[in-house]
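One chain, chain A, appears in both complexes that follow, with chain B as partner in the first and chain C in the second.
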Partner chain A sequence: MTHSAVSGWRWSVLAWGFSLIILIPIGVILSAWITPEWAVWRHLVDTLLGELLFHTLLLLIGVTMWVLILGVGLAWLTAMCRFPGQRFFDWALILPLAMPAYVLAFSMLGFLDYGSPLQGWLAHQFGPNGYWFPDTRSPAMVVFLFSLSLYPYVYMLARAAFLGQGQRMLEASRMLGRSPWGAFFHAALPMARPAIAAGCALAVMEALADFGAVSVLGFNTFTTAIYKAWFGLFNLTAATQLASLLLLFVAVAVTVEQQMRGRARYFSTDGHAPSRDRIRLRGLPALLATGLASLVFLLAFALPVGQLLVWAWSRLDLDLDGRFRDLALHTILLGTGAALLATLAALFLGMVRKRRAGERATRLALHLATLGYALPGSVLAVGVMLTLVWLGKGVDGVFGTATSGVSTGLSGGILALLFAYLVRFLAVAMGPVESGLERIRPSLAEAAHGLGSSSWEVMRRVYLPMLRPGLLTAILLVFVEVMKEMPATLLLRPFGWDTLAVRIYEMTSEGEWERAALPAIVLVLVGLLPVILLVRKTGRSGG
Partner chain B sequence: MNPAPPLLTLEAITCGYDPAKPVVRDLSFHVAQGEMISLLGSSGCGKTTALRAIAGFTPLLSGWITLQGQTLSKPGFTLPPEKRRVGMVFQDYALFPHLTVEENIAYGLKGQPKEAIRATTRDLLHLVGLESLGRRHPHELSGGQQQRTALARALAPQPALILLDEPFSNLDVDLRERLGLEVRQILASQGMTGILVTHDQHEAFAWGDQVGVLHEGNLRQWGTPFSLYHQPEDPFVAGFIGQGTFVAGTCIAPNTVRTAVGLLQGRAAPFQPQEGDPVRVLVRPDDVIPDPDSPISAAVVRRAFKGAATLYTLQLDSGCQLQSLFPSHADHAVGERVNVRVATTHLVIFPNTGPGATLECVPSSLIQ
Partner chain C sequence: MLKSLLMATTLVTGLLIGPSSSFAAEEIVIYSARKEHLLKPILDAYREKTGVATRYLTDGEGPLLARLQAEGSSTPADLLITVDAGNLWHAAEQGVLAPVESATLTANIPETLRDPQKNWFGLSVRARTIVYSTERVKPAELSSYEDLADPKWKGRLCLRSSEKIYNQSLVAMLIARLGEEATEKIVRGWVGNLAVPVFSNDTKLMEAMAAGRCDVGIVNTYYFGALQKEKPNTPVALFWANQGGNGTHINISGAGVTKHAKHRQEAIKLLEWLSTPEAQQLFAELNMEFPANPAVKPHATVAAWGDFKSESLNVSLAGKFQTSAVRLMDRAGYK
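Moving on, here comes the complex of A and B:
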């Protein structure tokens, strides 16, 4: 008894130690508030800050509004109604999740821009100035592209909430005197509100964290400013100040998301998914429903993928060379390394939770350890870099060497990048690992011991086989996320370690859409794997 | 004098999603104001579909439904559920998880002044005995409390009729009986009419002034619990309700049948056999009583102690098995021989045709 209590106590200490290490980058950035450098601040206020704040607020409001309309509207249609194509759109509308915003942005730009086939055709029809076309780099277009890319977060959570409520709730509402629309607004929507709000917050977090798409669109935000401060001006202090400001916005979003996710669980009922009693749309409403779903699917997925394929094909023999092989190799090495690391860490934290979930302090440590998912990659990169600089100084101080190979070697190292990935994607690995661990009831181990198995044998013959699907899913999810990650990779990668995402950044920043297409299409195709897993797991709503 | 016009009328309704295989066929019944009705049947018999047709969730293929003289449904027309003035208590209660108990109850009271809503809600909370729990959320309530909330919510808009879809099946056996009676009393105190759907005959009998037995979409019998048990109109109902054995016999005189368990006499129904007709007689466990003087001797095969009585399964020398309800103090071991006699005042008789006609006895539960 004493023995187990002592080892349990060790688990908690280990968990806290781990979380603190994960939290260091955030702490380092927040320390910028303790010792503000007024000169840098004043410079930022004079030059950039107004535009950055305006753009960020614009993104926040515009994206929230549009992902709400698209996500909730489409979720309601596919989950509760019947219209031509509903079964297909039910899962197809999740697919845009595989497309990073920056890929959608540059492929749509290529499609819509001046000189694109579309505009060429319009010019041919109406003369060069004979038609109106929206400005492809206007703030409205930025909001539009982000909404197309991010609505799946709201769509998926709202859809799950609507399906989870089941038909009963709507029927109860009808029996109490509400029309079908009344039932939607007074019962279904309020019940789904926490899930919808959580989805919105996730979408906003993604929009705030995005670096690639806003670079392509030439829309200055905190992430582009951080990048410029770092690489353009080599001013790590300014980058830190900007990162700390961006963190404030993220903190609001993450608070909303965490609160609402908890409440969504609490509001869910185990209702039966509607099968036959869907609202049957006919005539014009059916046409509008099919039209809207087709339009969104086309713009958010089919068209960009088609465009990418055309470009990639046209340049295949030029781009598919040794350089591309190196890019792919780096991507796979980094992705696999980070995936294994994050999954191991998730397994460790999951075991701690299984043993020590009763303690508030341990629960808090575990919770804090997974908060990194909210950190924008550029903020995280700044935090990791600052940490390494600080560590380097410490090391140098002890050994009395001046700025030596140790610090630069460390700060540019693969380890820094892997650590950043670990912080950012630990939460991604936690999900599947924990749901795997949840299935292992203590009685299983007891039964195995009762049948004569040693601890090691229980691990090998019971735990690992039961955990295998969860661990593999975790590895896959983290791998794909790392592959798509752009800003942190861009800022922290060692010299010569370009990945597919970095290549896309380099090519798009020079306006070479066609040459970015091959790495982009690879990202999208690999990115489809976890989305397919997700679609299969959420199940069809039937119908 | 004409009786009062019925509150609810179902006239030959047929409904289902596939017109070739309707779930409910040609179902008719009337319900009077203040009456308590049970629709009884095993799963898939169409009872829930019938209820949903009354609620307005299932359209009719033929027939019609009227409530207080107003047509609710007919082929091609289904008055929307929200316009029917019909309340419903769902099997899973379907309480809105985002609303408190009070707000759930007030949900159907839109368009009234706030003060009136508050008063109605307070009265209903009092009626169902949840005065102190009005501000709780559904997940903070026990199963029974959720049930009462669902009832109060259904009553709030003052519907003409309340439908209850297996409302007690999620509760413990103990609570189920108690709450069933309580809900019935609450509805009766409001002069409310209630239609309960269930697969549990005890529940159906405890609830219904009238009980309708449904099977494969057809109404097999409509009557009081007493008449269903003692005067089943067809072999299915005889087998579905209660326990018993069909014993083969021959009619030798009006109201007299010779069987392996002796000469049975009593008013014959529903089949009136002629002399010489082969028939089957339903023998209920309470018809078989211990009698030391009887020539009929049987061995105890199984016994199930039920408290006030013991249900014995007895095997005659012919192999025929009877069930018999003995007073509890008549204690016999398995294998022991007892003498019994079959005492009948009325005979439940059907023609002996079809498969199994040559068998001397068939457990009634097999005739379905």
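Moving on, here comes the complex of A and C:
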């Protein structure tokens, strides 16, 4: 007992040490408060702050609501029910994950906006003002597009949770007299809560930190204010101060997530027993299920991909060359490296948390380590940049290397970029790893310990096999995230390390959406590979 | 599983770190906010002519400047190429550029298109002017930016977002000439005349105009050129604003040599070459801009838009008044 207590302490220290490294860039950003930029704040309070808060809140509530409805609803339908097309939608509904929000935004706008063929046709039929059309730049449209782009996080994690619950528990609750829907609300949903909460938190943080999509849609949020302070008012300090406020929003979101996970712990007994006995939908319910799934798939994936293909086709001769191979290769390499690093880190932190679950301090350290996801990429990138330059200069100072030595190597090298990805996407890897860990009964490990296994053996022989789906999900999720990431990649990439996202930026920054379509479609295709792999590995049970 | 995870991580990280540490020493290093497809052909031409190789990194102006500042004396960058005088002015203000004394540059680039302190030099010129629907507006009804605030344009004006620096510079130049009070009145007038919410780019604005959503707007000339090339039948035309007064608002893309350049002489030579007729032709033509060097004729498509009188104030004022412009636009409710 004493032995395990001591090693437990070591775990905590390690967890804190690791979290602190992750926290340095965030600390650098917070240190902007040393010189508060009151003039900028005053200006914002006088002019924009009300609208910004309202918009950000709207995004927070609207996106949460809709990703929950779409994500959980569709996951339940495809995992537990049978309806026409269910097998197809089971995996197809994850595909939008490969589509960055900014790409969805500009392709949908291209499809729906005033100059689009659709509106052209309508105007031709009914006259320029003779028909009603949803306002493409309204808050409702923004929430709608974000929900379409972000629901897959909830869908994917909820689906895995539903599938993992196994059949016996549901059968039991059915036998106790619950209707199928009663079993859903009283047994399946509460058990899936950690996974759903994790997915929801990811979606919300992503929406709050987004800049690309909101700037395409002309919707002012905190991130647009951050960029205004930085690029418009030439005040990076004020920008980072604003960015630190975003962290406050996220602290709230994370607390809510923890509350949602609740105190209760649920452990699965029968692992991945496939559910043979799906609820068979007939008549109107079946029609509704197929209709809803088709509509979501159409809007979130088929339509934007179609638009991109049309654009890409028209520019093929202009832009397609050998460089695309390099762009794709860089994207894949960076994605893989970062995904593996982040997943290892998440596994480590998750284990510490599992072992030291009761300690407030350890829990706090782990929370802090995931904050990076909520910061706009370029602000975080500047934090990482400053950290590494400072470190590099320190090393240069100590060892007296020439000025172009270690410092440039650190801040201009691939390590800087990987580090930034780690800080930013640790939260993404934590979600699936933690919800996987939570479902493992502590008594299993205790039993193994009792039988004389070392911690290492328990890890290797008990935890890892059971965690396999969770780890895989983490790796693939981070891969997709890194692939879609734009601002940090732009600022920190070494010379020659252009990725597909960089290429998209080059085109969209001057509004050439049609030319951005080709790299965007390649990005979606590259992103589809891990998504399909993910679907296969997390099981297509119920066949 | 854990072992393979660890091994894979080590392998991939090693693979990533390995090649990137190699650094060719004798190349001019450029940080550029001008996009790759507008820059590469020029640098290729320079290499062909002189044998001097270059490396470049593209990003937005803000992040590039932040990178330059963070790197300080250890920066690998020799030359900063960016778009908009406001950004160049700010880079100089932050002390990341070093003045260049060059007779070639002062001879080739007009005085209003370069920094009085010689930190940066304009390389191409774009005008931000009025576009109108040829179906619903007669050119005789148009005159100036100020006039677009007139109630006769109520519900007929399209504007791009004030987040874009091009609009910030336009308003900054209005402030430089007319003062804050008069400018704010104009901007409030624009906002009151808007037909639809602001756009995120100039092309979408002109497409909305063609679709009948509005009748007048303000865009950069090269966007108009691109649209004209793509859809020649679009019923939208250019109008040179403020010809009766101070001239049409112009802006530049330009470059400056960094303070801690490791290849300062080579970078100056490249900058000088960029101001010469042979480079100017290509540099402007790639983006349908006007050459900064007055001895060089613009491309035929661009020349077809006609001669115009351009703003006579130095473009650096756009930087000086940019902060005021942003605040003014926020106050006036220009999103």
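What we mean here is this: the second predicted complex is superposed on the first by the 309 of 543 C-alpha atoms of A that agree within 3 Å, B and C clash if a C-alpha of one lies under 4 Å from a C-alpha of the other, contacts with A are read in each partner's own complex, and residues count from 1 in each chain.
Keep this in mind: contacts are C-beta pairs under 8 Å (C-beta built on N, C-alpha and C of every residue); 3 or more make two chains touch, one makes a residue touch a chain.
Keep in mind the model is a prediction, meaning the values are calculated, not measured.
Chemist: Answer with first, second, both or neither: which of chain B and chain C does A:14 touch in the superposed model?
Modeler: Neither partner.
Chemist: Identify which of chain B and chain C touches the larger number of residues of chain A.
Modeler: C
Chemist: Let me test your reading of the model: by the given contact rule, A:233 touches which partner, first (chain B), second (chain C), both or neither?
Modeler: A:233 contacts chain C only, not chain B.
Chemist: Touching A:179 in the superposition: chain B (first), chain C (second), both, neither?
Modeler: The first partner, chain B, only.
Chemist: Per the contact definition in the header, classify A:120: touching chain B only (first), chain C only (second), both, or neither.
Modeler: Second partner only, chain C.
Chemist: Does chain B (first) or chain C (second) touch A:171, or do both, or does neither?
Modeler: Touch status of A:171: first partner only.
Chemist: Taking the superposition on A as described, I'd like to know which of chain B and chain C A:112 touches: first, second, both or neither.
Modeler: neither
Chemist: Looking at A:191 after the superposition, I want to know if it touches chain B, chain C, both of them or none. Which is it: first, second, both, neither?
Modeler: A:191: touches chain B, not chain C.
Chemist: Which holds for A:343: it touches chain B only (first), chain C only (second), both, or neither?
Modeler: second
Chemist: Could you list, by residue number, the parts of chain A that touch chain C in their complex?
Modeler: Going by the criterion above, the answer is residues 43, 46-48, 109, 113-115, 119-120, 123, 128-129, 135, 137, 215-218, 220, 224, 227-228, 230-234, 236, 333-334, 336-337, 340-341, 343-344, 347, 378, 381-382, 385-386, 389, 392-393, 396, 403-404, 407-409, 411-415, 418, 459-460, 464-465, 468, 471, 487, 490-491, 493-498, 502, 506-507, 509-512.
Chemist: Mind listing the chain B positions that touch chain A in their complex?
Modeler: 17, 55-57, 80-83, 86-88, 90, 92, 94-99, 107-108, 110, 139, 153-154, 156-157
Chemist: For the complex, which residues does chain A have touching chain B?
Modeler: Interface residues on the chain A side: 168-169, 171-180, 182, 186-187, 190-191, 193, 266-269, 271, 276-277.
Chemist: Touching chain A in the complex: which residues of chain C?
Modeler: 1-2, 5-6, 8-9, 12-13, 15-17, 20-21, 29, 35-37, 55-63, 66-67, 70-76, 90, 93, 161, 163, 165, 168, 196-204, 207-208, 210-213, 223, 226, 262, 322-323, 326-327, 330-331, 335
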